[in-house]
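Next come two complexes, and both contain chain A; in the first it sits with chain B, in the second with chain C.
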Partner chain A sequence: MIELKNVAFTYQEKIVFQELSLKVEKGQKVGIVGESGCGKSTLLRLIAGLYRPAEGGVTVDGENDPEKISQKVSIVLQTPMLLPLTIRENITMGHAFSEEWIRQVCAASNLTKWIETLPNGIDTYLGDRADELSGGQAQRIAIARAMCKNAQVLLLDEPTSALDGENAAAVLEALDHFGEDKTVLHVTHRPEHLVGYDRILRMEGGKLLEANASCAWRAVSL
Partner chain B sequence: MRNLRLLLKRNRIWVGVAVLAAIFSNLSQMIYTYYVGELANRIVGRTMIGLAFLAVLGGFLVSNAVTQFLNQYFGRFAAEKMAHSLRMGYATRLLRKATNDREGLSVSSAMSVAQNELAQADAYLGNTFFDVFGMAFTGILATIFLLLQDILLTLTLLLPTVLILVYVRFSSRKLSGIVSSTQTEKARMNQVVYSAVSAFPAVKVFDGEALCKGAFRKRLLAWEGHATKNGRWHALYNTLSGILSRVPLLLLLLVGGYMVIRENIQIGTLIVFLNLQKSLTLSIMNLPSWLSGFQVFTTNLSRVEIE
Partner chain C sequence: MDRRVVRILKSLGLWKRFVVMLILRSPFDFLNAVLGANMLERFLRIAQQQDAQNLQRNFWSFLLFTVLLFGYNATIWATVSVRADMLFHERLRTRLFETMLSQTQQEMEERSAGDWITRLNSDVDKTANYLTEPINFMHRSIAIVNLVLSSVVLMILNAKLYLAAILVMIPFFFLGAVIVIRKIPTYRKKAQEAFATYVSWMEPIVNAGEAIRIFDGGQITLQKVEEASKEILRENMRAHRLTAFSSLVNIFSGNLGYLLLLLMGNSMMGSEVRDFAQLSKITQYRGEMMRSVMCVSNCQSRMKANLSGAIRVEEVLGKKSQ
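Here is the complex of A and B:
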């Protein structure tokens, strides 16, 4: 389903990966941990077709053209990256979805309560009030956006880093439920968020090492 | 206005020097004009024009040049100092509150502010800020000076001028609303572009290109609507004020000429009036555009957060 073969990637001079390979089966839930700056976000961006590898190939669902890969994945980026448009437009990105579906993803992202307090609800324009938006609200909009697209591959880059404990727990549970029938790659610095995952990978020195999924999170957190 | 006060306060020494230079430059110009009028009187009255008189005239000509130079020099310098404070103040504020958690929005609004409001306020400070004040001085000082020369003739000049001022006040209020809504739309339009660039990963994965283009087109149309309205009203008000500004000169020539013929005043006095009338009416004629320029400036300034 997702395959990286001897991928090399550099930012200008900075070498991030040299010979990186990874194979993820359809429907697998994979957690990725590692020191910050080791290339986890870069890996997800490569898989999302946002970057073109310098060498090697990235294949998602049999597709290896980055432009087309982008269509097959959904991603919660490490920073929410909102646009100066309405909340609705930020979630749907201009595509047609049913009201019911939009309502569901808002509920799953714990947005409903906040949206109900806004004078224009989900059609509230975010451009002039960018500063009033909390990091958590922005991140939850980004999560709703990722769910809304409903792609078969879900990439999560520290999706709950800006959320408080209560919100994080609720949103993680919703994400788990939402990702049941999907291939999920979840980058996090909190291994306890990866309970029940099929595999846990540790990124180190530009390589991915397999960790024991069943006890990895305990080992780290104890 | 809070920001303007802050900038003025931070550079009070240079602003003070610039204001003093403007006052001296205007004063010297007026005294020189007075002596030119006196020269005309002596010619008409066939009075001796002594060497001492010519020396005084020459002296004021030189002081005119010197004070004019100092006025421009310090005016620019003070404005440049204020522009520096503005940029530094903005950078300081940005550094203090910078957070990375809303990359798309906060980077794009910071960029939008830097490219629009900040750049425009900056340019205004560098080019026109002290000119406006210089013109205001000229108007006030010229009026006082003329009142000392002849009250009736001054009133002849002032009455239509006051009427023009009322008109200008009315029109500038009307214009400022249009100006500020045009700016809001422009800022929104640019924000769409900057955020589409800074949030490109999200735009790409979620195929938001059409959304961004649509939003940009919508903003562009809104801005265009405001901008054409803005241009139309500016043209109308400036044309009207241009025509109105001819009235004082006409009245001055008619009434003043009559007074000279009746020997109520000397020709020199009329020459002084004619000379100063030009700068007085000129400042009034340009008042709408200066005021709206100043309005744009303060609107821009109020949108830039500084520290």
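Here is the complex of A and C:
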């Protein structure tokens, strides 16, 4: 379960949130929409323990220490953030996983075919110019990395924004499949990507609004 | 001088200035050697004659020459060389930036950020060191002049002792030169490449910090940075070991030659060698030859090491001309 209680957060002297509260039950799929710059990505980073609230508290599965929260979540960001390592190392980040598991996550993130075309396969060194990969390839590696960690909380920050329609559909399908038994928070500009989600939230003026059954927005409260 | 460095100097419009600088500095060491050798010979002779007045007169004359010689070195030449050094750094960095900016984004992306940073910093410094670092090109040229002239003087003074000095010197010089000078640039170049990899990690550490934290990638990141860092150290250590070996060879060769000259000189005393004062003078010139050979050897190895920077700088400058 994810819980934010009266969270206040300031970024570079600008108030982003004040008294922000949210509760997401275990296994729930929650979509978050809103204008650019309204704080959607910041919210995910707060939940992931990357940012620390000025006031209030963030807990993930009962844990409120940001370092420990980071261990409980996986994240796919708009930019893939790959490192000058091999594909395998980018996926596992140097941790020990079974070959079978790595093979599964590569298949789930539609990487297998492309990897098979590379001379060194999954051990191909991406170098420090990983951004030379196509947006789709890089993002699918980032998704494989998130899948490989297999955390119970999956945070998605516009994971398909840099992808074309076909790639985006494949990535979304892979993420839907992977996130079936997980708690998912998905930030997007495109509400059509949130079909089948349990809850849709809209961020506006530093507040979270929730659509009710008649599609009217009301403030989220605990 | 390496043709690549000549091309860089010409492209920066500093070639003529560099040649003038070289001419201004070249005779210094030899004049110093002549002064030292003659002073020793004359002082020993006067001391034997116990002529205090003459000794004092000679002392003041030599002091005046020494002051003039070092005064010239510390003022005129130092000013010229420092200005040339500054100008070289300034023009080379500017030219590199211009070349980088004139390239397309695609060409820029052919090299990593770390590679560019290394070329702009340590490679420029290395190229400048090749030319202006006191013990490099400039001193090698001065040492060669000193070596040739000291050899001529020693040959005139005593051909047999000159031959003995040369026979000891040559094998050791070539041993050091062949082993050390050929291998050092390879190690230094590898160290530079490792440095580029090391610097290349700075950007991802900053830009992908969030992914590193969430996916607990600190350990692998650190491991890779350490690998690059160890590689720099490893290659530099190899180069240092070779340099140390070269110094050892030089010292051994120096002492062996000195001993040989004293033994031979002693047996020639009164015939081919006039007196102990003249033998001291001969050993002074041999000392100068030895010092020059060591200087050439050290300068050569450092120049070769710094040449790796010049090669990388020229790769960029050459791209513009294409």
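As a working rule, the second predicted complex is superposed on the first by the 208 of 222 C-alpha atoms of A that agree within 3 Å, B and C clash if a C-alpha of one lies under 4 Å from a C-alpha of the other, contacts with A are read in each partner's own complex, and residues count from 1 in each chain.
Simple rule for what comes next: a residue touches a chain if its C-beta (ideal position, glycine included) is under 8 Å from a C-beta of that chain, and two chains touch if they have at least 3 such contacts.
Remember, predicted model here, so these are calculated numbers, not experimental data.
Overlay on chain A: chain B and chain C clash in the combined arrangement.
When the two complexes are overlaid, the chain among chain B and chain C that reaches more residues of chain A is B.
In the superposed model, A:Ala162 lies in contact with chain B only, and not with chain C. In the superposed model, A:Leu126 lies in contact with chain B only, and not with chain C. Once the two complexes are laid over each other on the shared chain, residue contacts for A:Leu209 go to neither chain B nor chain C.
In the overlay built on the shared chain, the residue A:Ala54 is in contact with neither chain B nor chain C. Of the two partner chains, neither chain B nor chain C is touched by A:Ile15. In the superposition on chain A, contact is made by A:Gln139 with chain B only, not with chain C.
Applying the stated touch rule to the two superposed structures, the overlap between the chain B and chain C interfaces on chain A comprises residues 45, 48-50, 70-71, 73-75, 77, 81-85, 89, 93-95, 127-128, 142, 145, 149. For chain B in complex with chain A, the residues that touch the partner chain are 99-106, 108-109, 188, 191-192, 195-196, 198-199, 201-208, 210-212, 214-215.
Interface residues of chain A, counted against chain B in their complex, comprise 45, 48-50, 70-71, 73-75, 77, 79-85, 89, 93-95, 126-128, 130-131, 133, 135, 138-139, 142, 145, 149, 162. Taken together, the chain C residues at the contact with chain A in this complex read 109, 112-114, 197, 200-201, 203-204, 207-208, 210-217, 219-221, 223-224. Within the complex, the chain A residues that touch chain C are 45, 48-50, 70-71, 73-75, 77, 81-85, 89, 93-95, 127-129, 132, 142, 145, 149.
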